[in-house]
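Should a chain be cited, it is by its letter among A, B, C and D, assigned in written order, with residues numbered from 1 in that chain.
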Amino acid sequence: MSAKKQSLNIAMIGHGFIARAHSNAFLQVSHFFDSPYQLIPRVICGRDRTKTEAMAARWGWCEAASDWRSVVDRPDIQVVDIATPNALHAPIALAAAAAGKIVCCEKPLALSFAQADTMASAVKNLPNLVWFNYRRAPAVALAKVMLDEGRLGRIYHYRALYLNQSGNDPTKTSGWRYQRAQAGSGALGDLLSHSIDLAQHLNGPIAEFCAMSHTFAPGRDVDDAVAVLARFANQSVGTFEATRYGVGCRNRNAFEVNGARGMLAFNLERMNRLEFLDATEPAEVQGMRDIMVTGPNHPYWENFWKPGHEIGYEHTFIATLGDFLQALDRGEPFHPNFEDARKVQKVLEAIIGSASSASWVKV
Amino acid sequence: MSAKKQSLNIAMIGHGFIARAHSNAFLQVSHFFDSPYQLIPRVICGRDRTKTEAMAARWGWCEAASDWRSVVDRPDIQVVDIATPNALHAPIALAAAAAGKIVCCEKPLALSFAQADTMASAVKNLPNLVWFNYRRAPAVALAKVMLDEGRLGRIYHYRALYLNQSGNDPTKTSGWRYQRAQAGSGALGDLLSHSIDLAQHLNGPIAEFCAMSHTFAPGRDVDDAVAVLARFANQSVGTFEATRYGVGCRNRNAFEVNGARGMLAFNLERMNRLEFLDATEPAEVQGMRDIMVTGPNHPYWENFWKPGHEIGYEHTFIATLGDFLQALDRGEPFHPNFEDARKVQKVLEAIIGSASSASWVKV
Amino acid sequence: MSAKKQSLNIAMIGHGFIARAHSNAFLQVSHFFDSPYQLIPRVICGRDRTKTEAMAARWGWCEAASDWRSVVDRPDIQVVDIATPNALHAPIALAAAAAGKIVCCEKPLALSFAQADTMASAVKNLPNLVWFNYRRAPAVALAKVMLDEGRLGRIYHYRALYLNQSGNDPTKTSGWRYQRAQAGSGALGDLLSHSIDLAQHLNGPIAEFCAMSHTFAPGRDVDDAVAVLARFANQSVGTFEATRYGVGCRNRNAFEVNGARGMLAFNLERMNRLEFLDATEPAEVQGMRDIMVTGPNHPYWENFWKPGHEIGYEHTFIATLGDFLQALDRGEPFHPNFEDARKVQKVLEAIIGSASSASWVKV
Amino acid sequence: MSAKKQSLNIAMIGHGFIARAHSNAFLQVSHFFDSPYQLIPRVICGRDRTKTEAMAARWGWCEAASDWRSVVDRPDIQVVDIATPNALHAPIALAAAAAGKIVCCEKPLALSFAQADTMASAVKNLPNLVWFNYRRAPAVALAKVMLDEGRLGRIYHYRALYLNQSGNDPTKTSGWRYQRAQAGSGALGDLLSHSIDLAQHLNGPIAEFCAMSHTFAPGRDVDDAVAVLARFANQSVGTFEATRYGVGCRNRNAFEVNGARGMLAFNLERMNRLEFLDATEPAEVQGMRDIMVTGPNHPYWENFWKPGHEIGYEHTFIATLGDFLQALDRGEPFHPNFEDARKVQKVLEAIIGSASSASWVKV
């Protein structure tokens, strides 16, 4: 059966933590999804040869390479997956686009809105994907279904946090994530970009906002924390906060929605759960219910294990890729793509502007 | 208005912790319930004169006394409330009954079933009450309503725990609670009696069971822990456990019920909450809901504060007394009374027998 | 013993929900605290005679009155307690101050900063109290102790929410709480005032902020929701949000603090709990711990019941009053007083300014 | 690098849900562990040819076969993995042992203790493994470390539940899991076997117990629910309950331990968490802490993702296999093996005896 499938040769650029999550997705997608393609992990490319070769050996990449420009131009490659520090996203994506490849890129898409805009234009006629993977945590996907069904009625409040403690050692200034030239921003692009993407995915466009940012660590030129007041186009009130100084929080990518008919809450630290209160029920039985989103009848429940059996972080990448391959096969649009990420980047850049000018900004 | 109310002169025997909770109930009931009577805290009686006088001064008892026999016989007293160590429950209750008083008694009712049986017979034509106060935690009362409505369908499982760490210092052997002659039993009468009363209140009679008990502390002649397997008359399966060595648990008086149509869970450590899962809902929105049982439409919600405002431990006594006074006024039966407590005592005594004979027992 | 105590005759103005909570505190304080005074509930005063008389009868006020001016001037009254709608706070407080009374006032103190300023000046030589009762929830008091001990180290983030659904019926415009002339503001004064008081109590003064407010209900002239970005004087970053459209939340008065050495979290919906993460522990045993703040060794644990036995909403008022009477007896300052409330009012008024001018404001 | 590794050809018998989890482990182990071997998924064998071929295609098994006897005897096979209904475990394991293979077997090991005893003897000189996978949930492994370190001191109580609702449709009698000839028992072998294995792993041998079992569904000849009172060899008191009628519970494989120095709690429905209370801390900061067991310094944290990133169900199999391969390479014993499973089976069989004789049994 698999012999008949079209194969796609993948080139992945990057060899860090996120490249590991991508590698896993490329290898695992066909086990959990009816993949229309046979994915071939053809070449992994990274600056550190030893690490790149170790990754290749461990994850089954056929080849290890070190020059991304030559890899991107190889005619046997159909898919270029970008898993590098942020500063390399644009040059690699533009080269891959120029070479007519399918382009997948880690978030945040770019260092600036100008970059993101150019990149989105470059790939607009090519299949493309940005790894805003949390849209496809089953609990988030369930929230999306419920919101689209109107289960919450008119939305009053959208509240998002992304708190971790990754940067709370103020003496730590090395690492590309703490340098503006490499990362573009700090907690903003690293963490809040996820929150913004989810917010616009779930609650529609943000219309205007006012932001503040703060750097706790002396010597860093990126933000350690950012907070935002917002109004959405649907007239709901939004608040956002992201920080790398959220001591006590490991990975609290959380949102809450209050609507006329109920409430939803999600927290990535318990990613298999969605909390829901149905305000249309009799008052005496209303309460936040803790839904274990592992089926039956939940997004992706037939793909993964069975009801009551949790999935982990990596499955959000597998589900993203599974849906992307289906859309590719059917010639349908896929989201989140570069265009979606461009919209996120527009907000991120405007947040920087709002924070530095201490004023409200319309998107 | 209050001038027209019949007054009831109260005599309370005891001056310890539980006497404080009773005193509070006598003073507070008319603030939260439309009390048909004016309760007069006439006399508090205790063995330690200093403590008794201090309690009288603090809680507004008109008099302090030390000889319960003369107090019980006073013609100006209508209500005798027993808040003493267990060993005194029977003599005081029997004397109060002989004097024709309304009798209220702390749990467990007696040291033995024989005592309880005699006591229940003695008061059967007098208004009487046993302070199994947790029946009237609003969350427990809501569970009762839901079970009676059939919201859970046929019951499969009833599971109860009462875990605290009150006795986990094995060198502690003083105190009446650790002496069989004073207390009758240990965790059994102190803790499991509540669980048994709630179980029979919520899920009907226990038909048969098998028990074990254990004493961790050298030199104690009462049980520190007890565990029970049970079958209820309604064919559901029961398990019970109580311990004073539940290190980490402060007051975990908890039960869970699984039925064909859903699940309920309660834990006294979060006494304003009832958890409920409605298994008749679509699978994708099923989840344990955490109901804050402070109204609207919850038991006692109009008596106490307002929705979202928690009540505390003492309100279970106030609600018990409020309902008792209403029943008294209407000439209606009140529960839990001595007869209910007699049934609990029957189970407690049979548990001792089962544990010592290591065999199943029918109730 | 009580015969020797000085008595204080109380006049309470107001007969609504909060007057009930105050009445309870006046009656109960001597049961849980060693009160240096004998409090006499001398007179309750309200506009609705029937309701006032009913309150008097139920809660044991000696007299019912309807003209607050004459009550405030009565020479037999030592304490004037203000439990009216907000608009009456200032005239009553000023009259009471002019009459030299001890003055207790419900929050928010005033309709405007100008009012609050005048009021604070008027009482500055008189014992006075403002019912920011949540400072004395034992869990909040424990947080204060831990912060003062430096258990959290340098503070990075302070995050506060006060969400309820009290106003989420947009057709509801009656009631003094929804009219600016009566209430001064909406969610701001009703809810956020508590959050601001707690924030400044726990984390010190707010230095600057930027706010937004929103009214969902057509026809209301008060805010339904308010959100704030802030910087504290201690360089920490703050966020605040309060709403009456928080569907799904009954009384979520919550805060979180992230510091260099750990994290704290509180939520009034589980008021007997404080969550704490100690970041100085070995990483492998770090986790948010759920502390049941009922003793041993917790604030007020010897006043109320015993470890593992929850207290309710009303105990925050009792503890406030208990501490106030101790301070009065010793001639020591008490907090929160009119001066503290004046500082809260200053922030509230500046929030209105910031929201309407869409700009940052320094306090 | 991988070229130098010894390869192991795997034959897996079975094509159901659990075979999927095993397949995943064989493919994934080398990505997360430094595998000393190259595992080759040589052949999958199942009775239903269509399903077997589909599994082979999806999971990359080189061949699909239908006659397990011939597969087990193939000289090119080094490892036989048994993922069949319980009744086939013994014949396949005995044949694999006779052929000198490494043998891996799904739990419960056998239909009876006699079978298990024979099987354990047969493999005693061969590397072998039984898939009691939950020992290696990182949170369970952390509990084991903490108990072995004496962090809980003397153990007083061990309390285990395994509740799901898999069998709560009483009309459902088909399926091998509901037939004694195929499954040996019901909830007992399916669910309680995990609890017994974990209990003996964490708390040492069970010395004696008394059990009850119950079948709710008419026509089933296996138990739907089982409950057990136990005494461990270390003098602690145990309780166990397993049911397929636990409506509201999806996969609640939970245990709690109370010891002199603290408490631990685990629940598979939140498998990335371990709850811990340290009773040696000052009382005022004691509380159950919710440890997210994803590192740093947790079992397997360097194998999987990074702190704050959850893992799922399948990683318990991967970790089991990873440790097994390491032990195999080093010639060290591995646990849980057939001998461990034999001890579990001994308890399971004695539970059946205790339940049918309604009496206490010594192990």
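Keep this in mind: contacts are C-beta pairs under 8 Å (C-beta built on N, C-alpha and C of every residue); 3 or more make two chains touch, one makes a residue touch a chain.
Since the model is a prediction, treat every value here as computed from it, not as a measurement.
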item	value
Between the pairs C-D and A-C, the one where more C-beta pairs touch	A-C
Identity of the chain that, by mean CA position, is farthest from subunit A	B
Where subunit B and subunit C are represented by their mean Cα positions, the distance between them in whole Å	35
Subunit C and subunit D, separation of their C-alpha mean positions in angstrom	54
Computed distance of Cα centres, subunit C from subunit A, in Å	42
Sequence positions of subunit A contacting 2 or more other chains	277, 288, 292
Subunit C-touching residues of subunit B, taken from the complex the two chains share	1-2, 17, 21, 23-24, 27-28, 30-31, 57-59, 164, 250-251, 269-272, 292, 294, 304-315
Complex contacts: residues of subunit C adjacent to subunit A	156-157, 159, 163, 165, 168, 210-212, 214, 216, 225, 227-229, 231, 237, 239, 241, 243, 245-249, 258-263, 277, 279, 288, 358-360
Subunit A partner contacts - residues on subunit B that touch it in the complex	142, 274-278, 282-292, 295-298
